[in-house]
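Worksheet: one structure, shown below.
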Amino acid sequence: MIIQLEKNISEDQIQTLKTKLKDISYKGNRVKTQFSDYVICVGKTDFDIRSIGILDGVRDIHKVSDAYKLVSKKWKVEDTQIDLGDSIQIGTGNFEIMAGPCSIESEEQIASTIAHLKENNVKIMRGGVYKPRSSPYSFRGLGIDGLKMWHEQTRAAGIKIITEVMMTEQIEEIIDYVDIFQVGARNSQNFNLLDALGKVDKPVLLKRGISGTIDELLQAAEYIFSNGNERIMLCERGIRSYESAYRNCMDINAIAMLKEKTHLPVIADPSHGIGVRQFVDKVALASIMGGADGVIVEVHSTPEKAFSDGQQTLNYQESNRLFDRMRKTFNLRESF
Amino acid sequence: MIIQLEKNISEDQIQTLKTKLKDISYKGNRVKTQFSDYVICVGKTDFDIRSIGILDGVRDIHKVSDAYKLVSKKWKVEDTQIDLGDSIQIGTGNFEIMAGPCSIESEEQIASTIAHLKENNVKIMRGGVYKPRSSPYSFRGLGIDGLKMWHEQTRAAGIKIITEVMMTEQIEEIIDYVDIFQVGARNSQNFNLLDALGKVDKPVLLKRGISGTIDELLQAAEYIFSNGNERIMLCERGIRSYESAYRNCMDINAIAMLKEKTHLPVIADPSHGIGVRQFVDKVALASIMGGADGVIVEVHSTPEKAFSDGQQTLNYQESNRLFDRMRKTFNLRESF
Amino acid sequence: MIIQLEKNISEDQIQTLKTKLKDISYKGNRVKTQFSDYVICVGKTDFDIRSIGILDGVRDIHKVSDAYKLVSKKWKVEDTQIDLGDSIQIGTGNFEIMAGPCSIESEEQIASTIAHLKENNVKIMRGGVYKPRSSPYSFRGLGIDGLKMWHEQTRAAGIKIITEVMMTEQIEEIIDYVDIFQVGARNSQNFNLLDALGKVDKPVLLKRGISGTIDELLQAAEYIFSNGNERIMLCERGIRSYESAYRNCMDINAIAMLKEKTHLPVIADPSHGIGVRQFVDKVALASIMGGADGVIVEVHSTPEKAFSDGQQTLNYQESNRLFDRMRKTFNLRESF
Amino acid sequence: MIIQLEKNISEDQIQTLKTKLKDISYKGNRVKTQFSDYVICVGKTDFDIRSIGILDGVRDIHKVSDAYKLVSKKWKVEDTQIDLGDSIQIGTGNFEIMAGPCSIESEEQIASTIAHLKENNVKIMRGGVYKPRSSPYSFRGLGIDGLKMWHEQTRAAGIKIITEVMMTEQIEEIIDYVDIFQVGARNSQNFNLLDALGKVDKPVLLKRGISGTIDELLQAAEYIFSNGNERIMLCERGIRSYESAYRNCMDINAIAMLKEKTHLPVIADPSHGIGVRQFVDKVALASIMGGADGVIVEVHSTPEKAFSDGQQTLNYQESNRLFDRMRKTFNLRESF
């Protein structure tokens, strides 16, 4: 059950509400976000929710049977739009592309990527400066210095930055240089990190776990939301399956279902989703037909020389073609 | 290695070829299909294939390193088109829809379905008369009598029939009433059935196993081809995953990869693919963007009253809309 | 609901029962097995089963909520023992080993295997004469001639034969030479084959599908039982998982659960279960602690020269050691 | 390649080694642990390792082709034993049980558990004070106060504590009250946490990810080891599969394989491994036969009243019986 409070609810009204909840043995969690003020209630007894709805200071009340509450469409029917500033919005009829290399490598690489994005009217650049790597002996990214260098160039170009944050301590260090925090698949149930990202006022793109369920993804998003941050995007990036012909199994079904279950925007990551360069194109277009609000894709001037994951990265010629096809596919879908 | 023979190869030329193969310790399998005459060779030593290519009676020779040979695109680069007669072709730029109920139930149901298909210019009707069911106590289909009744109506209407065959003994019984034999997911490695279907001259739609690999699917198709039947379609129908939010995990990745690995047409089955009615639409369109040459979809006048699988079956209003969207999506894809 | 009938139930009594079932809208399936006579009823209304239990000709009646009925322990609490003759029993405190090569290859190989089994007091020999192979170009077994040759030697030695049957047509051909019919993983939902095996009076070992659920396995067994054959063993042989370090994932959990859910004996197949020779030993012993009533294991005098699957096959020295350890492990388990 | 250095290697000798590695284009990572001093080298060119082995200051050198190096048995053949003090050792022929509740709940609960462990000669108590929970609205543990209360009682009783650490910041807070740090399945690739645990001198039990591969688990352990901490145990706790009859699929195969691939001790967690109380017993015994060096198991005086995960927790009567059976099973295995 979600109780949305009036902005100006008084202490007395809060007390009355608390007493009422206690009477029906409900536990209430107060949630204040950038935009609103809620009490999320968990309990077992059945009762007439109107008896709470009529209390002073209560703006709205909804029953939500899902384990996740605030991110559920059962509570909030209209899709959420995330405003990144400079007229860049994600969700609700906009289609945004995020593109860039797996890892930030050098000033030259950044400049080349920005030029490529500008040419194609892509406004959000992806790239890693802290890289989660299976082996401790692999390259782990340029860190904060790489980010600052990157930030300088994108600011000048009017491009937004999305990059992965791997631990709570990094949030403060990088927040001024980042437009969207990305939570990687391996951290999708790092609950302390999710708690911390709920306390900042920057959008978060949350990836599904390597074999995460749809329900787990939504509950992970609930962690962020219930700590105070409503600006969340979900990201399907392929799941682990028995099939070894591809790296991951892009789960188109999850995209379709997420759009029914939550009001949050859903982004598709076809590069990791299938993990094989020559199929990224088809999987990206399929994801749009499946309902994705945006696509995040790896591009590099010379994929074969990329610091990491070159085998799933498009070159500029391939991405030029894909950007165009994605927009046409999105337009057709929106015409339905 | 695939050696394609001249149609008029002589016995002497065959003997010369045999001797040559024996010399290099290769095992040769003679394969005669509706269209051509081959020797498929498996061996380990490396040699110059031109020494065979120049023999009289040999038309063409190719090395194929895949475990499957005749169905591989490494051998036959151009896509295969399957002609069903009456100007109905599957593959190579045509988009065909197969639609109909899970089970054939009655004359009225057949008539209603045919009318619905005619209205939408759909030329192939699906339906089961032998139903594989998990429980022995469930309805197992109307059998041969249902098929004859169905056949009578479709002939009059100019509609083709696709239906599942479950065992070798049924082939002869039903062959005169069927335009496409369907092999279900549970029989995708029923090698005796595949052998037998290789010996008939009717097209076969072969479904991927419930957790079949792409490689297994192609080798299963090789069974049919190497027994003499070249007219094979492959069908992606969702794989089993850990996710319980949907019935199956439609594997868009497999569609994209199959189109690279084989020259055979690929059909998508979104109804079983996700198994949840409200998402069949999006998954079907995604499959087309993934590369599908056709879509097979379950429709019923009143899904809630269907004998089986009603929860994944569209009603006429839903399928009307889907037929239109699928064709538009296919047209956009072909324009790329 | 399962109604067990008296052996001498009269036609009049049957009619009374039928009328009664019709009154409560239950569909009854008459099942006659080697040992008994049942009516399996499926329906939705709730009623007092005693009203049927008191009818003349009715011996016993049980409610069974599982989708499978006759194989459920909810109906038959005592474990089933399968008698192979010559004092060889499977289940209920006996521990039987089945051992032998993947494929029957030659007279010498059979003789060598038999000698090895006799030395170790193993009474059941496994081996394939019809082999399901992923590729149509692989060796498919010696067929009926191989089986006859094998049968001759085992009869003389007092050894029982278990071998795979792949299609209905083979049953009659091989029944006289076989003591246990094996249904392979790929045919675990070949319902026509299961129906046919329900009509013969020889024991059947039914393998779990490559990614079959426990429930599907039990329903597949119900097919055999409900066609009249009560003598069924279930076999866990590893499931398909995302892990590529081993060939299959032996599912010890399934063994433990099957022993709770069904009265049928459960056999473990560690050779296919993990598919890597050096680990067969540990997996076999673990399976016994998990509850297995027997183990089927691949042995060959020279695994590296075996016609197929040599990489999961033990040599005689390894199997000698394993036979001994398995019996000690079983004895410890039975002492608990 | 692993180069083990002499303890008293000089700066000059280090320089000579560095020059030598540079000559052959190898990247060297210096690793100092509690026990030794290494250089881990990654490179591609082939050369005679003896040319390095003969350098002054080099104690030993090994080629290791695995992606993980220091945890590989290819480098260190003898199994590692972890000494917890007070004559408690894990690995190499000892069998240790860790038992206790899912969550620490109260002083009374702790006292009751300790009494139960003492009675059964179990020396390590498990329990959670920081609980990773799918939903943000669930109980998340008593935190540091709960741990201090717990620590006080165990010290008095001579019992060791194992508890989960969820984030880097918690390490310092809890290190004085903990004998073994546990890394949960959801944090198995939280590389920053692994880095940090490599820098403390307390043993770490590292759980396999929810769908982690064996290789990923070993590389995660390499993170800890290469940061300086050699005292690592690996833990198999069940993987995610398509089967819904149990909560997780305890992967006995992984236990058997880990014992071949690494010298680190392997602990089985049957409680999470299958996640169904009535089968914990069999799965625990199977794990021992699979090669486990120890078992961690959930026990509670009244599982049905436990704060969390009661459905997989044994009561004292059940665990009494299991402790006894596990020791007997271990003894039989060691006799082989």
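Should a chain be cited, it is by its letter among A, B, C and D, assigned in written order, with residues numbered from 1 in that chain.
In the analysis below, contacts are C-beta pairs under 8 Å (C-beta built on N, C-alpha and C of every residue); 3 or more make two chains touch, one makes a residue touch a chain.
In this text, all values refer to a predicted model and were calculated from it rather than measured experimentally.
K.L.:
Which other chains touch chain A while also touching chain D?
P.N.:
B, C
K.L.:
Of all the other chains, whose mean CA position lies farthest from chain C?
P.N.:
The most remote chain is A.
K.L.:
Centroid from C-alpha atoms only, then distance chain B to chain C, rounded to Å. What do you get?
P.N.:
Chain B and chain C have C-alpha centres separated by 33 Å.
K.L.:
Distance between chain B and chain D based on Cα centroids, please, to the nearest Å.
P.N.:
Taking the mean C-alpha position of each chain, the two centres sit 49 Å apart.
K.L.:
Between chain A and chain B, what is the separation of their C-alpha centroids in Å?
P.N.:
So the centroids are 39 Å from each other.
K.L.:
Return the residues of chain A touching two or more other chains; collapse runs of consecutive numbers into ranges.
P.N.:
211, 215, 240-242, 244
K.L.:
List the residues on chain C that touch chain B in their complex, please.
P.N.:
27, 29, 40, 42, 67-69, 132-137, 166-169, 186-187, 189-193, 195, 209-211, 215-216, 219, 222-223, 226-227, 240
K.L.:
Touching residues of chain B toward chain D in the complex: what are they?
P.N.:
211, 240-242, 244
K.L.:
Please output the residues of chain B touching chain A within their complex, sorted ascending.
P.N.:
Spelled out, the residues of chain B in touch with chain A are 211, 213-215, 239, 241-246, 249-257, 260, 273-274, 276, 278-279, 282-283, 285-291, 325, 328-329, 332-333, 336.
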